[in-house]
Amino acid sequence: MPDSLVVRGGRVLDGTGERTADVLVEDGVVTAVGAGLSGTRTLDAAGCVVTPGLVDLHTHLREPGHEEAETIETGARAASLGGFTAVVAMPNTDPALDDPAVVAAVLAAGAKSVCDVHVAGCITKARAGVELAPMGELHELGVRLFTDDGACVESAAVMRRALEYAGSLPGAVVAQHAEDPQLCAGGHMHEGEWSSRLGIPGRPAVAESSIVARDCLLAELTGTPVHFLHVSTAAAVATIADAKRRGLPVTAEAAPHHFTLTDADCATFDPLFKVHPPLRSATDVDAIRRGLADGTIDAIATDHAPHAAETKEKPFEEAPPGMLGLETALGLTLTELVEPGRLPLADAIALLSSRPAAIAGLADHGGPIAPGRPAHLCVIDPAATWTVDPARLASRARNTPYGGRTLTGRARHTVLAGEPVVVDGEAQR
Amino acid sequence: MRHLLSVDDLGRDGLEELLDLGESFLEVTRRDIPKVPALRGKTVVSLFYEDSTRTRLSFETAAKRLSADTMAFSVSGSSVAKGESLRDTVQTIEAMGVDAIVVRHRSAGVPHRVTTWVDAAVVNAGDGRHEHPTQALLDALTLRRHRGTGLDGARIAIIGDIRHSRVARSTTKAFAALGADVTLVAPPTMLPEAEAGWPATIGGDLDDLLPTLDVVYLLRIQHERQDAALLPSLREYTMRYGLTRERAARLKPDTLIMHPGPMNRGVEIAAEVAEGPASVITEQVANGVAVRMAVLYQLLGSGATVA
Amino acid sequence: MSAPDATQPEPGPATREGGRFVFRAQVFTADDLRRAHTRIAHEIVERNHGADGLVLVGLYTRGAAVAERLAAIIEGFEGVTVPVGALDVAFYRDDIGLRPVQPLGPTEVPVDVTGRTVVLVDDVLFTGRTVRAALDALTELGRPRAVQVAVLVDRGHRELPIRADFVGKNLPTKRAEDIRVRLAEVDGEEDTIEVWGPADGGGTGER
């Protein structure tokens, strides 16, 4: 008898409904969902929710170039511990992912890891916003998401050409880091009450919403899908909602820190709270939560941004932006959105799996959990309470702003193509 | 008081306590031998990541007049220039056995961060656009001495590049905490982006205000501001916001004129006005040493830091 | 506890916190104090063969008031206006950093002390540490020809080789006791000097 795996006794929740069932996995593929199944290995899921493996549209793995902060191996392990079975690696590496050889190397390294690593390619060469990257060659390697993330495509003309060109590549989505660099020049946190108190130069909300508005118009002009990365302001959510009502091909993601933290958290001047786009006002946080609940925002994406410890020991205005996210995203979603009743659990799972999988064109991911489907699974214990301990994170970096925070809900088991890569919260390799 | 990071740390009582102490030290600074043995055996290091000879000298003079030992950490040519992190630098300095670190940095919040890494008392000598609490103290002392009474009810206009000014933020807080009525006057591009943290009326017509003011506090206008599209020209600034001779003539006879220096004569203030009898600008400098003595004494000598 | 430090209790076996001190005895009434001032004023003039070249320097807070009183009395019988100064010794104390030491007022001595006879005036002489600090503080102001010390009460327990030249009353006390001086112009109460002691009757040292 070949190896087989049964995930026993959980509530299966995959967008097609909810039922208590065992899931039988053979040869990396789901072969049966039902009662009384058995296999050579069993993962207990009693009291747990069995969902499709989570999908992160927005992960910085730092390799190549900044392996002191993260590697594909450590980042993938952090992802699997967070319940993710697929991540899309952002291209702001060194060198940037604007070259087929570099992209191929990352994909090859990712294939050996405990998570399905996909790659977002650059829109422009070296993310400089001037010349188009070889989008067609990258598309041949399977790249579907294109972005200069970390940098905004500032020129409306370049953005228009990128959208026109990407329109010829099936499934291609152009993802924008919507922050006008001129309006943000010299800024390090949200411009508002707290930047005023702290004397830290601000990045105004209009820097985001103005680019979002412009790119909605360019999506309308070109017909090419635009995805807005880490949307953080009420005005951007309103603009995206309006564009969707008008039937424009736009999607959006929000990061857990943008529905959890506010600009007031910067009051200690600790660069752990520095991120781009910045932590916003409480009003913006409310708008993000509502946008997630009403479907305006399509996905929760981590913007997992590891940084070596010494870089976060610089002054706030000199430290690099970004915070870890992979190992806390699920817990924050359940704690901040599901538990207080802001979002049904099924919707939260969709925001973390099926909907981002659809945006990134990852047909194997995001469910449903049904015979014949690849066995990428996440078993969530929604009642598990745990305290974030930066020292115990699998990521190579430690820059989480959530140290000491108690969360409810975490990934208990993660199954990648039939392989239990996380069992009872422990990485298996 | 463990550290002095922000005027917010003090409140009205704390401010008045430091100002009273400042008066005592002002007497000391006027003696033939302007020195007391109060902080013998204590070491004060000035850690200036940003050039400011005036402020550094003022602190070092204050420390020496209290008989403390002083060390100056020069950033250029040091390990910092070789890329040593802020945390490594301050921990290395503390390992030499210092009791107080006076920090000046171009980034907001650096003194706050330093307090999380060392046991020494930390004094903010100016951090980015954030605060400059000893400047606020010396301004308040200067005003208090001139008015004879407190600042309650004083009508003060602070004029200039408020948004980018740590002096404006600290001084506004201190004046307001002591009971003054502060109005911030500037081109809209130089007013605060939000009201939070500014206990003042934001915006006002200078020419309407002039006859009502007890104090005019001017800030330096930097030439590079016109490059950042904050101002059309310095000439236009002077025309609309400068304390010209004509404007000074419309002030009450006893209105005081203050400036934290260094001044751009002919831009924010006319040369004749800066040197006129209403100007207390040179006194501000002398009072700076006294309030810095008060701050260092309060942190290191008052017993507050003894476990 | 000694009145020179009335607002700054020194560390010791007992403190005035928590109302633990109770009244024991009155040492001086207002009339007694008036007579003591008069006597000290005469002794100062007698010892110095007149009032010329004298400066009375009171230690904050009540010593400054006593100095003013002595000067007024001297002027009354001698017809000479003796300069009066006030001295703050906080920055010269030897216990800075061990406890809160705050100045009580700005030092103000209206004349150059160099070449003059300075009479340091305080209400109570106890360990001698305040006078020691005052000698240092005075030295920074100039080089007096001589320095003398006048106090209303000498309560003993000296810790330094210092003595008073003019004393209102020698008063043996226990170390833990507190000499409470009240002067009308400082305290807004009738003049009095009293001994207070710990409520539990404890305390160390002989009486």
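A, B and C are the chain letters, set down in written order, and residue numbers restart from 1 in every chain.
The rule is short, and it goes like this: a residue touches a chain if its C-beta (ideal position, glycine included) is under 8 Å from a C-beta of that chain, and two chains touch if they have at least 3 such contacts.
Not measured: the values here are computed from a predicted model.
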Steps needed, at minimum, to go from chain B to chain C via contacts: 1
Taking each chain's C-alpha mean as its centre, the one farthest from chain C: A
Chain nearest the overall C-alpha centroid of the shown protein atoms: B
Chain centre separation in whole Å, for chain C relative to chain B (CA means): 39
Computed distance of Cα centres, chain C from chain A, in Å: 75
Between chain B and chain A, distance of the C-alpha-averaged centres to the nearest whole Å: 45
Touching residues (chain side chain B, partner chain A) in the complex: 85-87, 105-110, 112-113, 127-131, 166, 169, 192-198
Parts of chain B lying in touch with chain C, wherever the complex brings them together: 20-21, 23-24, 26-28, 31, 33, 35-39, 42, 66, 297, 300-306
Residue ranges of chain C in contact with chain B within the complex: 88, 90-92, 96-103, 105-108, 136-137, 140-141
Residue numbers on chain A that touch chain B, as the complex places them: 191-202, 204, 268-270, 310, 313-318
